[in-house]
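By written order: A, B, C and D. Residues from 1 in each chain.
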Amino acid sequence: MPRLMDLGISSVSENLSEMGNMAQRSLQIALDSYFQNNRSRKKVFELNEKLRSLEDEVGDIATEIVARYQPVAKDLRFIRASMEIAYIFWRFGRYSYDIIDTVDELHTGLDCNKTAVMEMSSFVLKAMELSLLSLRTRDETIVEKLYELDSTVDTLYRKYLRGTINANNKDDWKVHSRCDICNILILRYLERISDHACYLGDCVSYLVTGLSSPRR
Amino acid sequence: MNSATLKDDHQERRKKLSNLLLSKKKPMDRAFFGIVLGAAGYTLFLVALIVYAVGDGSTEIFSYEGLEFFTGTDWNAVYGREAFGALPYIIGTLVTAGIAMVIGVPVSIGIAVFLSEISPPRISTPLSFVIELLAAVPSIVYGLWALFVFRFWIVDLIEKPLYNAFGDWIPFFGKTPFGLDVFTAGIVLSIMIIPIISAISRELLKAVPDTQREAAYSLGATRWETLRIAVFPYVKSGLFGAAFLGLGRAVGETILVTMVIGNAVGVNAIPTSLFSQSQTLASVIANEFNEAASSLHLSALIGLGVVLLMLTMAINIGGMLLLSRMVKVSPGVRE
Amino acid sequence: MSRTLKGPEEELSPTLQVSKVSESVEIERPTEVKDIPPAKLSIRNLEAWFGTKRALKGINLDVRENSITAFIGPSGCGKTTLIRCLNRMHEMTPGASAKGQAILDGMDMYDAKVDPVTIKRRIGMVFQKPNPFPTMSIYDNVAAGLKLNGIKDKKLIDDIVRESLEGAVLWEEVKNELNKPGMGLSGGQQQRLCIARALAMQPEILLMDEPTSALDPIASSKIEELVHGMKKDLTVVIVTHNMQQAARVSDYTAFMYLGELIEYGDTKQIFENPRMELTERYISGKFG
Amino acid sequence: MEKIQQEKANLKYQLQNTMERKSSRKRKINKLVTILCIICVGLAIVPLGSILFEVIKNGVSALSVEFLTQRPGSMISGRGGIGPAIQGTLITVGIASIIAAPVGIFAGIYLAEFAGNGPLPHAVRFFNDVLTGLPSIVLGIVGYIVIVLVIGSFSVWAGSFALSIIMIPIVVRVTEESLKVVPNSIREAGYSLGIPKWKITLHITLKTAFSGVLTGIVIGISRIAGETAPLIMTILGTSLFFTGFDDPVDALPLRIWRLASQPYDSAHAQGWAAALILILIVLLFSVTLRLLAARKGFKVRVIRYSNV
């Protein structure tokens, strides 16, 4: 017999999986717009707004469940984790919007060197994919892979940052600046997304085992 | 006072108290148990004493008459012509008690039904009190009233019309009525046992869970159908038990019967019609006990007591068994 | 995870953020930090029977001093039987028996030499339904235990009655009507009167057998607050069928099922992360 | 689908039709039963009314101080009184209750608080019920054999003993039932305070059941105060005031009986008056004790023991 609480929990679940899809899509669109230089800012903005309202909704339902049914054990952990996860998804959307915003503001054309972003985005997309998979399957072991990816991403970011600073002497600062600023900002956002993917993995780990990630 | 000293205080008091409390011994518990056990034992002793006393007192008559005592119809205490047969009195007892039951039981159950099912509480509460009052009236007062008042009502309102109508051709209503007879005795007895039976019946009916009634009412049953379907099956054996207890009282009642039954002796005490004079076991004892001149006569009276004892015991035990069976029926389970 | 920070202006550096999360994780698991108080009452292999039916199967458990221990479990799991074994009340039921050890400050109360009456004087009990003595006034109810145990010092009794009523947070409500019958109080007040009556004996442990099950929520929460406040002087063991109540009020929780102790631990752990599947299923309402 | 619904509607219509036809008959039967029950109540009320009316009407005229205090005089003259009878009833019933009340209460305590379900309590309960049902005249015979024959005289002792046998089972039964109504939680509260059992029983349980126990005693006393038959062969009756516990004594029921068997109207009038006094004594007594019980505040619901 389903408990009343289960209705709320399943609607939180649905929201979360929808949010996951939307977050993934908005990052994809943002990156595409950078690579192909099409203007999809409005679409990402809409997705971002949607994510924020869904995050609110998850928060509302979770609070209601806590107040009404006083969940314990797995339910309690799920509620706690779901609020965090919804926030993470919203962050995903937010960073995607930041990326597309940056692209828009700086008007980078097709002339910039996009290899660094291309290289890193493949890792970040992978991380995001994995984190969503771990949530779907409740597989807390994936968090290990996420941390691996994250450290790769961190290394890449630092490497590129240092490379850019060192490569730009005072003479040709102006020539490359627009592309460099754009790249660095995007890389920075990607790095944050990767971090949040790790947090998502932590949440799943807490959800399943009741323990926080051993790394922490 | 801060919490630390409060706690110290608490500890100190606890120590002081526990010294006071823990030093107490408890030999009184055993003594008390002895007292209550003794009291309970005394009731058993009484039963044994009763059996012994009447057994001892009646040996003389049983060795004189043997089983004839139960079947003989002669009753003569004159020296040299002694004959003691209890049969007429046994019959007299059963007939009067029977009349009392035929009238008393239905009326009692009717009253119980009225009190517990029909009347609103503001009527049934004082009415129950009145019925209980009826139970509290001493039987000697019933006797007085029956002898000086009720007897004449019976004669004028019931016996004479019946006699005039049927007396010539139905022996059952034969014999000129003048009020001191088994019929009057039976009716007065029934008045006396009505409060007893109706009080028990009312308690029984009250004990039927309301859910039983509500179930029947919710199916659209009338009050009568509810009683028939939901209430009576539940209390049937209990009502029988109540009737039996009433019968026990009717059989054992002495003074009331003595005053209105006419006090016939020997063969004459066998009632041939509703309006015959008769005697019951108890009334013979009451009438003759203080006049018994010989020890054999006394023993014969005690022998009547033995018969009465056995009769009432059988009836009461039967009633108790029926009542207890009713109580044991678990709620919700009907026969 | 108490973090609800939002918006870019509150973005923190990655390192800071990680440490923040780990902070909240610290708060989550206090057992590692908290000292475990010493055992006041150690139950060892305690078994209880009703006739030939075994109601408790070898219970082992330590009740911690100055803490509140809650017994939870579905009806008939033996939680009430267990608590009644702890002051030897269980064997008062006809046909009931118990064996094993219950060690109170080093003394086994199931030892043959121990008088059960003295155990009851050291361990108080509060029952499911408020049961003040019906013929007695409020004052007499509280004083009954002392008077009937032969204490005659009027001054001492007066002091203890007042203190106990204060301890049960009832004094202010009844101080002007101490001579009125105890039955005249409301249900919640009656229950606090019963607590005061138990406190008057200066018990070391207070056993409470579903003390709020007959009360309305407001009265229940008063009792809960009272119980919480009592643990500075007392060790409290409480049986409850209300899991939320156990979660709110207790420090330690024992989950029982079919006469066995399934899980015993820190209340927070039991309710957030039970180790046993059965506990998890029971407390999240999937059976029971 | 439609067909099934049609059938259902048909069935419903038929049912309603039948029920309506039957319901008028049902209502008639119901009314008849109600009327019969009311008649039954009337049948019980009329005698009671008549008894009270006659007792008061005939009794009041014969009442006087002289009647209440003096010894019986000559039957024909209608002089004299029932002083010895009142005195004798009070003494005999008093002694009987002094014997029966403690014995009954303690035996009731045994059954309710100590006994459980063993063979001994079973026997005590059973024989107690048997005692309840015994005809009082048989108990009179027992009193005669056990005491009158032994001490060689009709006496107060014999009468009180016989009456106490009538009263004991009543008190036992009512005490047991009243104690059983006391919720067990009250006892447990006592145990949990470490109070010894005998104190719990006397100071808490019995006190709680006090009004019930008192009711039992009242019922018992009212019952034995009106008993006549066992007194015939135990206290005999006399026209003298109390002279000693080993001597015969008079009693109201006995006096009423003797007066009623006289052929004189004046004796009958005295009989009515004595009956009035008897009823008044019983009523006064039970009202007083009940008021006393009511003052105690807490009421245990006790089944009325009109049957005992």
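Everything that follows uses one rule, which is that contacts are C-beta pairs under 8 Å (C-beta built on N, C-alpha and C of every residue); 3 or more make two chains touch, one makes a residue touch a chain.
These numbers were taken from a predicted model, which means no experiment stands behind them.
Q: Can you list every chain that touches chain C and also touches chain D?
A: In this structure, the chains that contact chain D and also chain C are B.
Q: Take chain C away without moving anything else; what clusters of touching chains remain?
A: Leaving out chain C in thought, the network of contacts falls apart into A | B, D.
Q: Comparing B-D against B-C, which pair counts more contacting C-beta pairs?
A: More contacting C-beta pairs are found at B-D.
Q: Quick check for the class: compute each chain's Cα centroid; which one is farthest from the centroid of chain D?
A: A
Q: Suppose each chain is reduced to the average of its Cα coordinates; what separation in Å results between chain A and chain B?
A: Comparing mean C-alpha positions, chain B is 92 Å from chain A.
Q: Distance-wise, how many Å sit between the C-alpha centres of chain A and chain D, to the nearest whole number?
A: Spacing between the chain centres: roughly 90 Å.
Q: Distance-wise, how many Å sit between the C-alpha centres of chain B and chain C, to the nearest whole number?
A: Measuring from centre to centre gives 54 Å for this pair.
Q: Report the inter-chain centroid distance for chain B and chain D in whole angstrom, where each centroid is the mean of the CA atoms.
A: 12
Q: Which positions in chain C are in touch with at least two other chains?
A: Touching at least two other chains: 117-118, 121, 149, 201.
Q: Considering chain A alone, which of its residues make contact with at least two other chains?
A: Expected reply: no residues.
Q: At least two other chains touched by the same residue of chain B: list those residues.
A: Chain B, residues with two or more chain partners: 21, 26.
Q: With chains as vertices and touches as edges, which is it: line, ring, star, complete or other?
A: other
Q: If two chains touch, include that pair; go through all of them.
A: Listed in label order, the chain pairs in contact are A-C, B-C, B-D, C-D.
Q: Within the complex, which stretch of chain A touches chain C?
A: 3, 5, 70-77, 80-81, 83-84, 87, 90, 94, 98, 191-192, 195, 199, 202-203, 210-212, 216
Q: Quick one: which bits of chain D touch chain B in the complex? Just the residue numbers, please.
A: 19, 26-27, 29-30, 33-34, 36-41, 43-45, 47-48, 50-51, 54-55, 58, 102-107, 109-111, 113-115, 120-121, 123-124, 126-139, 141-142, 144-146, 165, 168-169, 172, 194, 196-199, 201-202, 222, 225-229, 232-233, 236, 253, 256-257, 260, 268, 271-272, 275, 278-279, 282-283, 286, 303-304, 306-307
Q: How about chain D: which of its residues touch chain C in the complex?
A: Touch list, chain D to chain C: 116-117, 183, 185-186, 188-196, 199-200, 203-204, 207-208, 210, 296-298.
Q: Going by the contact rule at the top, pick out the chain C residues touching chain A in the complex.
A: 1, 3-4, 6, 8, 14, 17-18, 21-22, 25, 28, 243-244, 247, 271-274, 279-280, 283-286
Q: What residues of chain C sit close enough to touch chain D in their complex?
A: For this pair, the touching residues of chain C are 87, 89, 92, 94, 117-121, 124-125, 127-129, 131-135, 144-145, 148-149, 181, 183, 194, 197-198, 201.
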